[in-house]
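In the two assemblies presented below, chain A is common to both, partnered first by chain B and then by chain C.
Right, the complex of A and B next:
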């Protein structure tokens, strides 16, 4: 794609989300969402490839009716109460319908099945945008609506954690596994949303920090399915040593960054006496831990059978690690000692 | 619920049902999407006329502009799908399942 065109669409993508983030009115929020959708579709379809086109078509056919439903609920609310403000919605049915269609836009559990498909058709950097930046605007709208419909939020959240873990078990494509991992993390955010919105914000930030280097590593080595993961060891040995730690950090094992959100969320739940919910979320996190463990097992703990000549291609053409990867890989593993600072910054 | 509101609600949910259940061809989905947008346009126009809020008089036009952009995008995707898949049937969009 022409760099000028690409920069135009990127600017529209950024400004669409920012319009949604800075609006208090449903109409402006809807416009931001629409600008966002219309800007990312050319970026998705910029490779003239059947899969990319199909992903763009599916993404459009999902996002457009969801946005229309959001606006429909807002207008219904205006007909009933005369109110356009986002945080002053009071009628039950529009709120539930809006929650479901926002979950649809983000790809949360009962309405998630488009997300792995669409991500499968993308190149990994666009996939990174889709699984982080694109979730920001709908999530902000859910944040604005919070604390009114606890049951809907908890159901969406726990189902996302369960389904995200369960669906990822059977996948061999890294992009589909990352999509299911994204569904799981969104589930954690939604479960805690009504009890402590600050924790949600922190989980989102840490999810972005952790998922960024994973996408970048896979993009750098063009690893699209898990049987290409062992090649990492011959191309970039340092990265191959770090990637199990990164993946276990995404899974949420203790000495790594990913443990912070899980720890604080479960602590918050047990403070509030929600032991059943805490148990369910903690146990269904094990499903996703299983597939992260399998990824790290394949990528570095095993050695693929290969001759001596192919084991050290990094000596012949040394691959330099990009700067963005260097800067994100450290916080995505080692932030746990800084938990008190993160706590005091956000909570 | 006033009867006008009921009419537009029915219109919206029929179009949504059309998107959900009748999805052979992309064009039919796009037509249903236009139905959604049209019912929203009418709802918004009647609301701002009935309540006489000057602030909201322009909003139906904004909505129409956005829906026109969206329809253009949809038709572009229809053409792109026809070029890459040979036909614009939604049933043939299966390369991403595996």
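Right, the complex of A and C next:
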């Protein structure tokens, strides 16, 4: 893609989200969402590959009706109450419909099944944008809506945690696994959203921190299926030794970074007396830990001199580790001692 | 605390910066120095029971013996794994030692933390190095499922503990152990709270019925993994139970019945499993489950005799089972088999090793004067005081323990050599040293047992 075109689309992508984030009016918010969608579709389709075109088509087909529903609900709301303010919604039907279509846009369970398929057609860096930046605008809108429908939010959230873990169990493609991992993390964010939006923001930031190096590693080595994971050990041995820690951090095992959001979310729930919900969310997070664990077994636990699971490729010279990866991989594992600081910064 | 933690942390640069030919010796000697330094904690002059009190860490008569045991185990693990690691590349050998050092760091922090939430984090933190050691350096393919079992048994049982701890924190505003007596009346006494608090530790002990992960992990783990698992990691469970039982006290009176019964039933059942066991490491692992059953019983009666008996048995069993795993590994490195019927009659080839086998078999079946016997007897007396009927289980359990320990000894050591064993490399000095360093503390402890009896001076 021509760099000028790419930069134009990227700018549109950023400004679309920013328009949504800064609007108090449903029409502007909807417009931001649409600009954002229109900007990412050419970026998705920029590799001339049938799968990329397919992904772009699927993405468009999902986002368009969702956005149309949002517009429809906003108009209905305006018709019924006479104003367009986002946080002044008072009628049930538009709110629930908007919640569901926003969940649809983000790929939360039970309307999540497009996300792994679309992500499978992308290259990993676009996938990173899709599973992080693209969630910001819908999250902001849900945050504005939250107050009335706590049960819907909790159901969407817990179901996403469960389905994200469950769906990832029988995947063999790394991009699909990352998509399911994204669904799980979105679930954690949605569950806590109505109780403490700051925690959602923190979980989101930490999710980006943890998932960024994973995407970068897989992108650098072009590791698209889990069969190719063991080859990392010959190309970048250090990274291959760190991958289990990265993945377990995504799974939320103490003492790694991934435990911070879980800890604080469970703490918040306990403070509010929601012990059952806290236990259920904590335990359903274990499903996704299972496939992270399996990925780490394949990537670096089973290797020479133990019997190998895959045939090795030509042993080329080891890849150098890019500076960006070096800087992101450390906070993605070792932030737990800084929890009090993160806590006081955000809360 | 920093006096021990800082040198332990500095062992990591030592491991990575020393030249490869001098990798094992300096790490070994430095970790020995650290374990010698840790002995200073035995002297507890404070009247409150807590000593070396800092902001987040302190030791008392309960945690001191366990921390010292942890420090003592690191050099022994390094000593024991040297041969196992010979075929590995440089980096992996260094990585292996680093994992062991991390394990010691986490364990010391767990035993000495005065905040329950920090104890929880460190309790969980020990999982990752243990998992790596088992799944990366184990021998068979089943090590992967053993690792998964270890991780998921622990996590499923300990996430409710996290919720329970945060619930206590919500109600009382504190999770500090040192001031527990001031806030514990504020804790809502609820059956689920009790269960959530104890389940994590009962799985870690493990209680019979929740124990399936342990024999798997032991059988698949490399020698250092088995040693640390049997000697210290299981004791995290006993330690945690002792700590938490003072906090959720009143409800325990009714809740403990099924668990004590299960623990005592487990002593007999695991003993019977041991009697028909063919796999040497699995036998030692099941015998650990049985001994830990006694510890569970002792702690759950919540008497001072129960606590002190549990601590004595934990320390004694830590040294004994670790030594038995070492002996099994010495056998395994020569015969490459854990099956007892293929490696019998070894006394003829290794006469000196038979002495070590005999000593630790006798320690395992709790021969007087060893501390094992002292611990078991204290627990049995305390259980008898709790209910007369327990004498049936504890008595029968002791009998069966003696039976399978002697069975293990006679099968591996006595009788004729099987025809396929003709010549094996003799035991070397390093291995003798390893066993002696297990036996000496065991023998010396009986001369001054009050340092492991959990009584404040």
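As a working rule, the second predicted complex is superposed on the first by the 333 of 347 C-alpha atoms of A that agree within 3 Å, B and C clash if a C-alpha of one lies under 4 Å from a C-alpha of the other, contacts with A are read in each partner's own complex, and residues count from 1 in each chain.
Keep this in mind: a contact is a pair of C-beta atoms (placed from the backbone, for glycine too) under 8 Å apart; a residue touches a chain by one contact, two chains touch by 3 or more.
Keep in mind that this is a model prediction, so the values were computed, not measured.
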First (chain B), second (chain C), both or neither touched by A:79: first
Which of chain B and chain C A:290 touches, first, second, both or neither: second
Chain B versus chain C as contact partner of A:155, first or second or both or neither: neither
Footprint overlap on chain A, where chain B in one structure and chain C in the other make contact: none
Interfacial residue positions of chain C with respect to chain A in the complex: 87-88, 91, 95, 106, 120-122, 124-125, 127-128, 132, 135-136, 141, 144, 147-148, 151-152, 155-156, 159-160, 162-163, 166-167, 169-170, 196
Chain A residues within the chain C interface of the complex: 237, 241, 244-245, 248, 253-256, 259, 263, 266-267, 270-271, 273, 275, 278-279, 282-283, 286, 289-290, 293, 297, 300-302, 305, 307, 336
Residue numbers on chain A that touch chain B, as the complex places them: 27, 31, 34, 38, 41, 45, 48-51, 53-58, 60-61, 64-65, 68-69, 71-72, 75-76, 78-79, 82, 117-118, 120-121
Chain A-touching residues of chain B, taken from the complex the two chains share: 5, 9, 12, 16, 19, 26, 29, 33, 36-37, 39-40, 43-44, 47, 51, 59, 62-63, 66, 69-70, 73-74, 77, 80-81, 83-85, 90, 93, 95-97
